[in-house]
Amino acid sequence: MISEKLKLITHRSSLTTQIMNWVKSIIVGIVFIALFYVLNAAMSSTGFFGIGIDDYQARLLVFIAINVILATSLNLINGFTGQFSIGHAGFMAVGAYSSAYFTVTYGKAIETSLGMLGETLASSVVLLIAILIGALVAAVAGLMVGIPSLRLKGDYLAIVTLGFAEIIRIVILNIDAVGGATGYTVGGYANFLWVGIFAVITVVVVHNIVKSDAGRALVSIREDELAAEAMGVNVTRYKVTSFVIGSSFAGIAGVLFAHYNKFLSTNDFQFIKSFEIIIMIVIGGMGSMTGAILGAIIVTILPELLRLLPEFQVGATTFKFADLRLVIFALILILTMILRPQGILGTKEIGDFFKRFRRADKPTGGLE
Amino acid sequence: MDTFVQQLINGLTIGSIYALIALGYTMVYGILRLINFAHGDIYMVGAYAGFILATSLGFASQPSAFGFVVTLIGSMIIAAGIGMAIERFAYRPVRKYSKMTTLITAIGMSLLIEYLFVFFFSGTPKSFPQLLPSDNITLFGNATISTSQILIFIVSLLLMVILQYIIYKTKIGKAMRAVSFNLTSAKLMGINTDFVIAFTFALGSALAAAGGVLTAQYNPKIEPLMGIITGLKAFVAAVLGGIGNIPGAVLGGLLIGAAETLVVGYGDKIGIPSTYRDAVAFAILILVLLLRPAGLLGSNVQEKVYLVMSGEW
Amino acid sequence: MTRIFLAICVITSIFLSAACVDKGGNNTTVATGDTIKVGVYGDLTGQTSSFGQSTKNGIELAVEEINNAGGVNGKKIQLVVEDDQGRPEQAKTVVSKLINQDKVVAVLGEGASTNSLAAAPVAQEAKIPMITPSSTNPKVTETGDYISRVCFIDPFQGSTMAKFAATTLKAKTAAVLGDVNSDYSKGLTKFFEEEFNKQGGKVIANESYTQTDPDFKGQLTKIRELKPDVLYIPGYYGQVGIIAKQARELGMNIPLLGGDGWDSPELWKLGGAALKDAYISNHYSADNPAPEIQNFVKAYEAKFKVVPDSLAALAYDAAKVLADAIKRAGGTDSAKLKDAINATKNFAGVTGTITLDEKRNAVKPAVVLSLDPAASKFTFKETIYPEGMTPPTASTNTANGNTSSNTTSNTTSNTNSNSATNSTANTSTTNKSVSDSK
């Protein structure tokens, strides 16, 4: 009853504006796909009309995109719903390994049976099925973590999510069929084009969720769970849903990572990985989509920039800045919390900087 | 039978260390409702502080009981100082912000300590000097107990008794209990809450450091990342016993230690390989939080609404 | 929302412009004047950083010596070192950087098989030779013909100890306590078990631990109940030292066996007197009096203030093999360099005579060393040869330091003057050469 009234109060654009928005989105989408296609071609060994991107930089770009997916999905859980999930790497691992097992076992068979479609199309189909599998398994994992979250508050939830991620990692480590301690070599079904497309899909989906009524419900849970419950928001459903959606996107990131990196090892999914994702959204601003993207870019690029710095002497030993990578990250995190806890963008989006171009009838973004 | 006793002794030894660390977690949570993520790393800092003291003061080359005592107390003092510094410079500024912020600060602090130590001491494990001889005493059959284990039991017990005295028989202890009950009211009663908080951190850190030095005597390998898993398990111990409850932390620590070792020793009889040892602690945590969140000795968690009204939530 | 995407576009195009590289050319020659750039990657700050550091040290020493002697083909070698923090994803990234950004002619690394496995495909695809000093998993070189190693592989090392246990120690039952997180440990366990069973023995217990375990008495107590003849601990020195101590505390006085993961100066500090009655399989023996080895040990100690472990020795050899291959190839053309590396034959290294077989793995004997905790050193016990390799005759003894004399169990000095008589004793046995040292 109260929620009905809430819905009436919220802005509802007219049908034409909605269609216009969709058309705009599609055009933007096409532009992006074209851009990614060009970049992807540039990454191949022959390059794009002779101009190319070498493997190292290509890797960085792909990792930026993967980190965008991870940061955005974590932002949904931590930033918008206000839950303390610090085990995101666990969902990524689950998605990565389950999809990898699928492609390693059935990939070739499916490709040959789809041979008539041509090589690119056949491998794309395999990748898409793999992504589906990874997302589903990760969603199940998210469900398993999300349900206890209902009874747990704050710090307890954090420890439980951490524990889950560790348990997942230990379990995977003990499964020899996916490489165990040695590592798992995986087929290279993913390339920048796919990774970029899914990064865009993730941002679009999460953005739409956040801007919708569901998004307002999530934010209300973040701001004051008790009041939200009193206002008729089904807190249970929203909390679990945000976990499931967040985790399935993390799973997708895992699938893409597995099939681009072509190698999986549980050493890459330790707590440090979850910590890196947390830093991404904290630096950028936990309630901001743009912030998450910005954070993802910074966290991916910064260590590589550190490698370029020269060595420095302290007493008799030489040090490299690159060795201080994690110390620097930790310091950035702490200083951000002390000096500017809302991160760079807070809850603002990049659109807020272009307010003067905004038309009068459009609702402003986000709750301040 | 003697194997079982052996495993039990092993488990209680580890458990005592968990108990020492858990006490720090539970005390800080009691007064600040903050899980000090970095607490496990104070345990590591204590071990390293002891290492530096022992080697620079020459005890390493001339082991003695006096050297051990100096190393133990010295590392406890150093850790207490570091604990207070962390509270003052990292936690106090963010106390006014949301829980999420304080939690993230704690995580960041934990990683900062770990990787600073990796940077300065290298990730290579170091070997803590043997300051007291480690002999084996046969109890019966094949069950042995080493003098290091006995040392751990005795020192832990001593420290816990001292802590109990401080908390229940001194003025500062009374202040600590008041602040843990309700910080605002304690302030209103004229208690210098900042000082009490700092003192609590100092106490907790000292205990964790003692745990570090004792462990290093028993298992001489020390490395910068040794605090992570141990700290996490100690946290589980604190929750198991009832977070905020001091005897609970001790009980929780001993139970987790025993459970872990028994799983290693007998787990394969029920299908759990010994390598899932670490998972035992997490499994216990999840069970406790789902079934009895107050822990074994904890008081019931007050109604959320009451807490909201009193401004505490 | 459009603005977000616009912003991303802008950022991406900035990267594009910085990244453009002419893909027309090939990567076969290094146009850097008079230095030869060689890439080194390893774990320098992570959990296995001691291994990475040792590897780096060994390579640095080798390159220093080579450059002081005038370089290779007149050019000096320049090392580009990158840290991968022990993470396979990072290993791949840094190798990609070394090859694509720093334009190295070859890559040396990594110590851990998992990281080598992750990075090898990058080198293989880019057609840049990679030599791993100490990765022992067979899969590493199976990646392709640009990947090679100067150490022997897990199957050989694991079976070496099994043979030793069965034949020299006459053990009938064995227990294994392995590191569950370590591919190296699992590999050794598997092959030890296979060979031990073949030799007629039986592995009666197979327990594991993780590197973060606070103690090992749980597993050891279980093993103690079963009363094995020997205990095989194919792990790293950081845990092995404590395991040995705790095993002795529990009253287990059986021989302890291990692999080259034990080899580190820290082992003695951690294990102390508990390390008596223990043996390991290794690539080389630091107390071998052959001049090359002693020179290496002295030079390493002078530069780094600590006795070299087997990783440092292997890394030293890997660097020298690379330099030798560059010399033989007459340049740094990657295809020619690859062929020269793979054709390495009878290279006299400090870890033995190195010959690469058709799978690009080094074929060389393993030494079994006994531990002497009182003197904090490893003492040569015997040499075990791979299948099909004949022990060398007296004339090649000086180069192949491993076949030095028999040692009786209480003398710690090798008497090289016996080499002539010993080699005849050695040649009479084939692949299970057991020099009777009693």
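Worth pointing out:
Order of writing sets the labels: A, B and C. Residues in every chain begin at 1.
In the analysis below, a contact is a pair of C-beta atoms (placed from the backbone, for glycine too) under 8 Å apart; a residue touches a chain by one contact, two chains touch by 3 or more.
Nothing here was measured: the structure is a model prediction, and the numbers come from that model.
The chain pair sharing the most C-beta contacts is A-C.
Taking the mean of C-alpha positions as each chain's centre, the chain lying farthest from the centre of subunit A is C.
In terms of their C-alpha centroids, the spacing between subunit A and subunit C amounts to 39 Å.
Chain centres here are Cα averages; for subunit A and subunit B they lie 35 Å apart.
In subunit A, the positions touching at least two other chains are 174, 323. Touching of two or more other chains is recorded for residues 45, 180 of subunit C. For subunit B, the set of residues that touch two or more other chains comprises 118-119, 228, 273, 275, 278.
Interface of subunit A with subunit B (complex): residues 78, 82, 84, 86, 148, 151-152, 154-156, 158-160, 162-164, 166-167, 170-171, 174, 226, 271, 275, 278, 282, 286, 319, 323-324, 326-327, 329-331, 333-334, 337-338, 341.
Residues 1-5, 7-9, 11-12, 15-16, 18-24, 44-45, 82-83, 85-89, 92-93, 96-97, 99-101, 113-114, 117-118, 121-122, 125-126, 137, 139, 180-183, 185-187 of subunit C are the ones touching subunit A in the complex. Those residues of subunit C that touch subunit B in the shared complex are 45-50, 53, 180, 207-210, 212-215, 217-219, 221-222, 224-225, 238-239, 241-242, 245, 249-251, 266, 269-270, 272.
Only residues 33-35, 90, 93-94, 97-101, 103-105, 107-109, 111-112, 114-116, 118-119, 228, 232, 235-236, 239, 273, 275-276, 278-279, 282-283, 285-286, 289-290, 293, 304-305, 308 of subunit B touch subunit A when the two sit together in their complex.
Contacts from subunit A toward subunit C in the complex involve residues 24-25, 28, 31-32, 35, 39, 42, 45-47, 50-57, 59-61, 173-174, 180-183, 185, 200, 203-204, 207, 261-263, 265, 267-268, 289-290, 293, 297, 304, 307, 320, 322-323, 325, 349-351, 353-354.
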